[in-house]
Each structure stands twice: as structure tokens, then as C-alpha cells.
Amino acid sequence: MADTSSARAQILGGIRKALGSAEGSDEARKRLAVHPRNLVPARAQLPQDQQVDLFVAMATEVAATVERLPALGDVPRAVAEYLAGLNLPAEIRVAPDAALDAIPWNERPTLTVSKGRARDSDGASVTGAFAGVAETGSLMLLSGAERPTTLNFLPDTHIVVLTRSQVVGTMEDAWDRLRGLGVAGTMPRTVNFITGPSRTGDIEMRIELGAHGPRRLHILLVED
Amino acid sequence: MAEKHPAPRVGLFVTCLVDLFRPTVGFAAVKLLEDAGCTVEVPSAQTCCGQPAFNSGDRRTAQELARNTIAAFEGFDYVVVPSGSCGGQIKKHYPELLADDPAWAARAQRLSARTYELVSFLADVLGMTDTGARYDGTVTYHDSCSGLRELGVKEQPRRLLASVEGLTLNELPGAEVCCGFGGTFCVKYPDVSNRMVEAKTADIQGTQADTLLAGDMGCLLNMAGKLKREGSAIRVRHVAEVLAGVTDTPPIGEKA
Amino acid sequence: MQPTTHAFPENARKALSDERLQKVLAIAPAGFVNRRKQAADRLPEFEALRDQGRDLKNHVLANLDTYLEAFEAKVTGQGGHVHWCRTDQEARDAILGICRAANAKTVTKGKSMVSEEIGINDYLEANGLTPIETDLGEYIIQLRHEPPSHIIAPAFHLSKKDVEGTFRQAHTDLPPDRVLDDPKVLIAEARTVLRRKFQQADVGITGANLMIAETGSTVIVTNEGNGDLTQILPRVHVVIASIEKIVPTLEDAALVLRLLARSATGQEASAYTTFSTGPRRPGDLDGPEEFHVVLLDNGRSALLGTEFQEVLRCIRCGACMNHCPVYGAVGGHAYGWVYPGPIGSVMQPALLGVKEAGHLPNASTFCGRCEAVCPMRIPLPKMMRHWREKEFEQGLQPAAMRKGLGLWAWFARRPALYHAATRMAVRALGALGRGKGRFAKLPLAQGWTQYRDMPAPEGKTFQQMWAEKKGKR
């Protein structure tokens, strides 16, 4: 690999010369440590109940579909009916996520369930989520050994299981939750904020769904 | 207001294009100001605000002309300009142009603080609500860029036009889009400028108005020139002419 | 890509006589304008967020060294690599080096303006690799060997018929009699073809809308999901980003993201906003094994501390071009290089020099609409004026223009002479024009009278009439 250290020295040197300082700044270091919030719009600063409603409304606006379920136990039925309703094969690729372990897939023997990262042949995936952001109706998904990112992008249909308590107001709230996990400041390899299904307006500015990623995003919002 | 306070002394900055092409606008401005109780003077030491030099990258000349204007207009309560573009030059750009000139920076600031575009001065500073004028026609109004975006001239002309008897205003779609004049731009890039003014005249024709108004001679010459080239019968006037009821001179680009 | 920026007037003429392009330009930018306005109106805090965005980026630029170093430390600490590149050539070499080390043959690419700036596709191709653009618009124009005409919608100058023709020519392994008359079908075809490419690719290159110093993350914002497939499927993920894209923290990213999607497409949020941090972690079932950030300067640090510093706040949303009447008249290709519209008129002289790009800052009426919508409140007209000042200092403007303005200024500095001269000129012109009230032709004013009449002056100057009136009073 080429050594770019002289370029590094020159670029940083040039910047410091233009800024007239060589020390770096305490103000900047402090900002990194404290990560203060900027102005956060009032829209999503609501009681959690209303945040959930806002989340549903915003997600629906961007062409995601949302179904509310009383319990995780209802997920297999909901998935099977959703796929059947669209005449899609009853086959799902599920994230090997401990958070989804409580789902009783075997209650729906007609549903073919396999676990792992997505393969090109997978038509539908089921994953969990880390949070739902009410302000924009976005889902926040973290990568990890139990949560392969390919499931979020390769299949045509992406079904996401989100629990009610996972709904937060804003992206800032979601960052706070992530930081609160304690794995001190480490971001997972990939954090996806997903707002509706894949889309493109690249041909004559007409919005079409399903460009490269899923053309359907179905959210199962489960009470907890 | 004239009874309560001594008449405000207003210096009129005529602008090159009004001075050369359309003195009528200058007299309309004087009438509007005098009717509203101002004393109007026109310093003869004024020439050009320097914007052509400024926008051509000739900062030094722009600074010299700025100093000339500042000197000519010291001592007035207000300086009023029947153009958003020249008004913007004085109000927004003089302070910036002379910021590093210790002898002139404060003087530029003082002039800036006292300078107004004509229509917004009438409406916002003098609180004029009724012009008492009459104009029988359907007009449409183009928002000139500098007035709109540098000086916030938008509602004021509409408010005053609403008080003109006999006048109907048909809003111009895309009223805030540039007409393609742009000073030297229109002769440096004539093809692009033409495309822009073509789009503008198409929108103007679409309003069914018989008269086009705007607050800046540059834009007016451009749009009038294009409308006339296209054979349009739409009359073109500076908004001050209609507000002052001074409409006996032929419209811009038409014979007596 | 060889710039043709110096030929702006000819490029513009070509664009103006291109009927197909004019049809698109009559509709598309207005769509962007309306959607942005709706999105901005819907968020009461939008203007305040713009203020904060401006302040944030000013703060970043004033502490750029600190944030870049912090970013680098985080990337390295998580097993990634940072490559510092002064020039486009260094960046090309760095990327080629990474590809060679990975034994790469096929390289997929997410949309990245910086990759256009450094011309990476041609370079990789010349070195035996196959780069494939995966953003639908970029893919289409890559097949057509055209540069993008818009930074957000690179192929928006093309009709679906154009795309159909392009696909028929390129996808020769598909049945020639297939029906391709609907955008849906075209998109599906591209999706299928590109899926294969994603699976073959050894290296994926994306840009970055943001880099985050706090976490060492890079962020991409897309609607298609191609940028994600580009970085999770190949073994190696290369991010090419210019140094000013850095923000301090995740909270600061949230601020910029609120402005970006709304300003660009009028969306509340784009479909995919993805934060990438280092290579895949132990136990991960997917994701790249290597993570490289190619940090490009290419003249940007030299803008710090100059009158052009503020342009480094740009987040490449495209709002300035959507609202620009000049862009709206001629489209993106006329600008002759990577960055069109007002941002191009400020950036291209910085990147290509005023000699090559001098037309662009002049081809503006200073109508100010770009500045009025720029989420980062960049004073674009002011910066174009600064480029004009540079040109003036270097004597690069046309001689006739210089002379004419010089003469005007000479008189304007001498009020008495000025009034006498203008009186004479106006009297002569007024007499000539009295018959019609306007001129269809006028010597020295062909630029004007080629397309429009010149209204005649009334015959006397205002100053003259005022003096006469005062004399009488």
C-alpha cells in the first residue's frame, strides 16, 4: 500500500497554516467528547404514545406498510398472511437474531423458515430493528453477527419486526440509546436508517419503487 | 405626518438608467415622496452607484464610485432609490466594499442605514397605504431580483397597487425568477439571456394583463425590449409611474 | 474527463438548440423546486436549522485539522485505513493500489461526485479493471459515455426512449424483441443486470455525504440502495471523500441530514442513510473485509482563509442548480465539467483555474436565488464576484468590455463631465429613436438587439430636466 504520510503532513500543515494554529483546538476536542445536540425539531418531541402514531404515519407516507400486532406470537401468522396476500412464496430468510428467538415459527408449518445472511435467491427477509424514528418514519438497523446487513437489501421484500418500546422521537434519541448500550462509543460496522422501500426517480423524474433494494418494506409493530 | 414632524429631507438617487432612459420615473418618485410630505433634493454630484464595475470585478473603481455617492448624499435624513438593484448596491454592498477603509467604513454604514428602495420606503417607512392614484387596466408585476432578495421588496408594491383605483393585479407565475437582464450578463451571454427573457415574456403573456410593472429599469428595458420584438401590445411601466398616477408619457419602448 | 468549461458559450448555444433537453429543462427543475418548498414549509424549524448548519460547518472549517485527525484515529483504531491524497492523481493511484492489492477485476461504484472529479472510471479502465456505476442514473450515462448533468439526478436530461436505446445496445445478451417501454421495466432490467455485477465485484467504491470524526464513520445517503450493495457485497469497501465532508459528531450528522434530503429532493429523509464504520467485525456474516477511506484535498485546503472558504460548507444537495435560471436554460453539460450550476461556477474555477473556468462565474445575473435556498447559506453570488475580481486582476476579461466599462467609470468619477456627456448621448439617441420609441438595431449593442428591441430614451436626462425645472421654480 502506498505511503501517504507525506501527503498527510502536507495537507494538515496547509490547513494549520491557513488557520494560523498548530495545536488543534480544545473546543473541537470538547465537542467530540460532549457531542451536544443541535436544534431538534419539535415535531417528534411527544409522549411515546404519540411518537408511535407519528412513526406509523410517517412510515406509511413513504410507502412502507405497517401492521400492528398484540404480541411476538402473532408474527408468524402476520408474515404468512402478508406473503399470501401478495401471492408471494411462503419462504423467509430470518436474521439469526436472539431478539427474534421468541417468535414461534413452528406454529406456521407452511412457512419455510431459514436463518442466516441473505442469498441472492431469497425473496423475503425478516429482521428485527434497533429503533424506529418517529420524526421521519425511519427504521434503524444495526449490523452484527446476528444481524447480517444483506437481509436489508437483497430480498425483494423486507419484513421488519419492531416493538413499540423501540420507537423513539428522533435520530438523536436513537443515538442516545445506542450509546447507552455501554459498548463505549463503538459503532457497529453498519447502521442503516431505512425510510420506506428502495426507490428511484432517475428515469424522467418518476418515482418508482424497488430500484436495487427491496420494493416492499413491511413493518410489524408489536406491543411489548 | 407632515404636521407632526418637520418634513423628512430625502435625497433622490436617480440611477443611471432612469436618468438616461426614463426621467419620468424620477419625476414620479419625486411626486410620490413630496405628496407624502418629504422634501426632495437631487444632488447633482451623483453619477453611477458603481455596480457595473463592482460586478465586473473592478473593485477599485467600484470603491471610488461608492465614495463619490457617499459624499454626494451625506446630510439627508433618507436616500431613496427607484431601483432595488442600485439600492441594494448602496445598502448591502457599500459597507462591504469599504469595510477596510478606515476613512470611509463608518460613512458607508451611515449611508446604508438611511438608504431605501422607493416603494418599500413609501410603504414601510412613510407608512403609505393609499396612493390616491387611478389606473384603468390589468397589470402584472415582476419581482426584480435584487429588490426581492437583497432588500425584501415583495408585499409593499402589491399593497400599494391594491390602492390604485381601476387597477386589477394578475399575479405573474414565476414572478421571482430572474428575467435574464443581469447587467453586462445580457450582452456577454446573449443566447442564455434570451432564453431567460423568452420564458419570462411567455409567462407575462399568459397572465392576460395589459400592463407589465416592475421596480427596476434594467429588467424593464429587457422585458419591454423583448415584448416589443415579439410584437406584443402589453404596455411596460415602472411601478412608480402607476403609483404616482404619472402615465402620460408613452410606455417604455413605445412612441409618443 | 477533459473539461470543456472554457467553451461555455458554445456549449450553451448547443444546449439551447437541443429541443429534447429544453423539454426536460422546462419541467424537471420546477419539480425539484416545488418539492423542496413543500418540505421546507412543513418543517417550522427549517430556517433555523440552516443557520445552525452554516455555523456548524464554519466551526468545522476552523477546526478542520483536529477533526480530520480524530477521524483518522477512529478509522485506524477500528481496522480501517486512511489514504491522504493531495491531488486527483494521488487519489487515483491510491484507489488503483487498493484494487491491485485485492487482485480486483470488477469494481462496483455508488454515486460519488468526487469520483467524477478525479476521473477514476477512465483510470481504472485504462489499467485493465472494469468499473461499473450502480446508481441507475449513473449507470445509464456510463453506458452512454456521458458525464452527469446534475449532481443528484445525473441522467435527468434523458427520456425513457433514450434509456431504452441505451439498454438495447448494452444488454446484448437479452432477447432483442423484449418490450422496454415503461420505466418500471427499464428499472427491473437494470436491477437484474446489476445484481450480477454486484456479485462479481471485488471492490466497491462509494462516496461519502459525511464523515464523522467522533466515530470514524462515513455516511452515504441514497434512495436506490445501490450504495449499500456496493459496500456490503465486495471484499473491499473504498470510500472516496473530500476533506470538507467531515462533521464532528453523530448529533451533527443529524443536523446536516435534516437539511440534505429536504434541499435535494424534498424528501423528509432519503430511503437509505447508512453509517459505515470500519471493516466487518468478528463473527459478522457479511460486510467488507477491508475498509479504506481515500481522503482527497485537491485544492480545498488552499481555499481556507481565503474569500472562497465558505464554499467548503457545501453538502452537494443540488438545490442551487435546481433554482438557477442559467442552469435552467442550458442544463448541466454546458458547464463543461463535473460540477454544474452555481456551485460549479464557484468550485470549477478553484479546481480548474480561472483560465479554464472563467466563463462560469461570469455567466450569472446574480439573481441570488441560489443563495436564498442553499441549506448552508453559502453566498454563491458573492463568490462568483470574487472570481470576477481575480479575472479582472489578471486582465482576463474581454478587451471591449473592459474598455467600455473603463470609459463609463472615467466619466462617472467626474460628475460635471458625466452629466454633459450623458445629456449629449441621450439627446442624440432620443432623436434617433423618437419615430418608433425603440431601436431594432443599434451599433455597439448587437448583443442586445440581436434578440430584443432597445427602448429609446425620452430625449433629456432627468438631471437636465430637474435643473431646468429648478431654474424655473
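Here the chain labels run A, B and C in written order, and each chain numbers its own residues starting at 1.
Going forward, a contact is a pair of C-beta atoms (placed from the backbone, for glycine too) under 8 Å apart; a residue touches a chain by one contact, two chains touch by 3 or more.
Since this is a predicted model, take the numbers as computed values, not measurements.
Visitor: Report the chain whose CA-based centre is farthest from the CA-based centre of chain B.
Guide: With centres defined by C-alpha atoms, farthest from chain B sits A.
Visitor: Using CA atom means as chain centres, which chain is nearest the centre of all the protein shown?
Guide: Centre-most chain by C-alpha means: C.
Visitor: Write down the pair of chains with the top C-beta contact pair count.
Guide: Among the chain pairs, A-C has the highest number of C-beta contacts.
Visitor: Where the CA atoms of chain A average out and where those of chain B average out, how many Å apart are those spots?
Guide: Centre-to-centre distance between chain A and chain B: 54 Å.
Visitor: Starting from the mean Cα coordinates of chain A and chain C, work out the distance between those two points in Å.
Guide: Centre-to-centre distance between chain A and chain C: 29 Å.
Visitor: Would you kindly tell me how far, in whole Å, the mean C-alpha position of chain C lies from that of chain B?
Guide: So the centroids are 33 Å from each other.
Visitor: What residues of chain A sit close enough to touch chain C in their complex?
Guide: Those residues of chain A that touch chain C are 1-2, 4-5, 7-8, 10-12, 14-16, 18-20, 24-25, 27-29, 31-32, 35-43, 58, 61-62, 96, 116-118, 120, 135-138, 143-145, 148-150, 152-154, 170-172, 175, 185-206, 208, 210-214.
Visitor: Within their complex, state which residues of chain C touch chain B.
Guide: Going through chain C, the ones touching chain B are 9, 12-13, 16, 325-326, 329-330, 362-369, 371-372, 385, 387-393, 397-398, 401, 405-406, 408-409, 411-413, 415, 418-419, 422, 425-426, 434-438, 440, 445, 447-448, 450-458, 460-463, 465-467.
Visitor: Can you list the residues on chain C that touch chain A in the complex?
Guide: It comes out as residues 27-28, 31, 43-45, 48-49, 52, 56, 59, 62-70, 78, 81, 83-86, 90, 93-94, 97-98, 101, 134-137, 140, 153-156, 158-160, 163, 183-184, 186-188, 191, 194-195, 199, 213-217, 223-226, 228-229, 232-233, 243, 248-252, 254-255, 257-258, 265, 267-287, 295, 297, 301-302, 304-305.
Visitor: Inside the complex, what are the residues of chain B that reach chain C?
Guide: Contact set of chain B toward chain C: 14, 18-24, 26-27, 42, 44-48, 50, 52-59, 61, 64-65, 68, 72, 145-146, 149-150, 176-178, 180-197, 199, 221-222, 224-226, 228-229, 249-250, 252-256.
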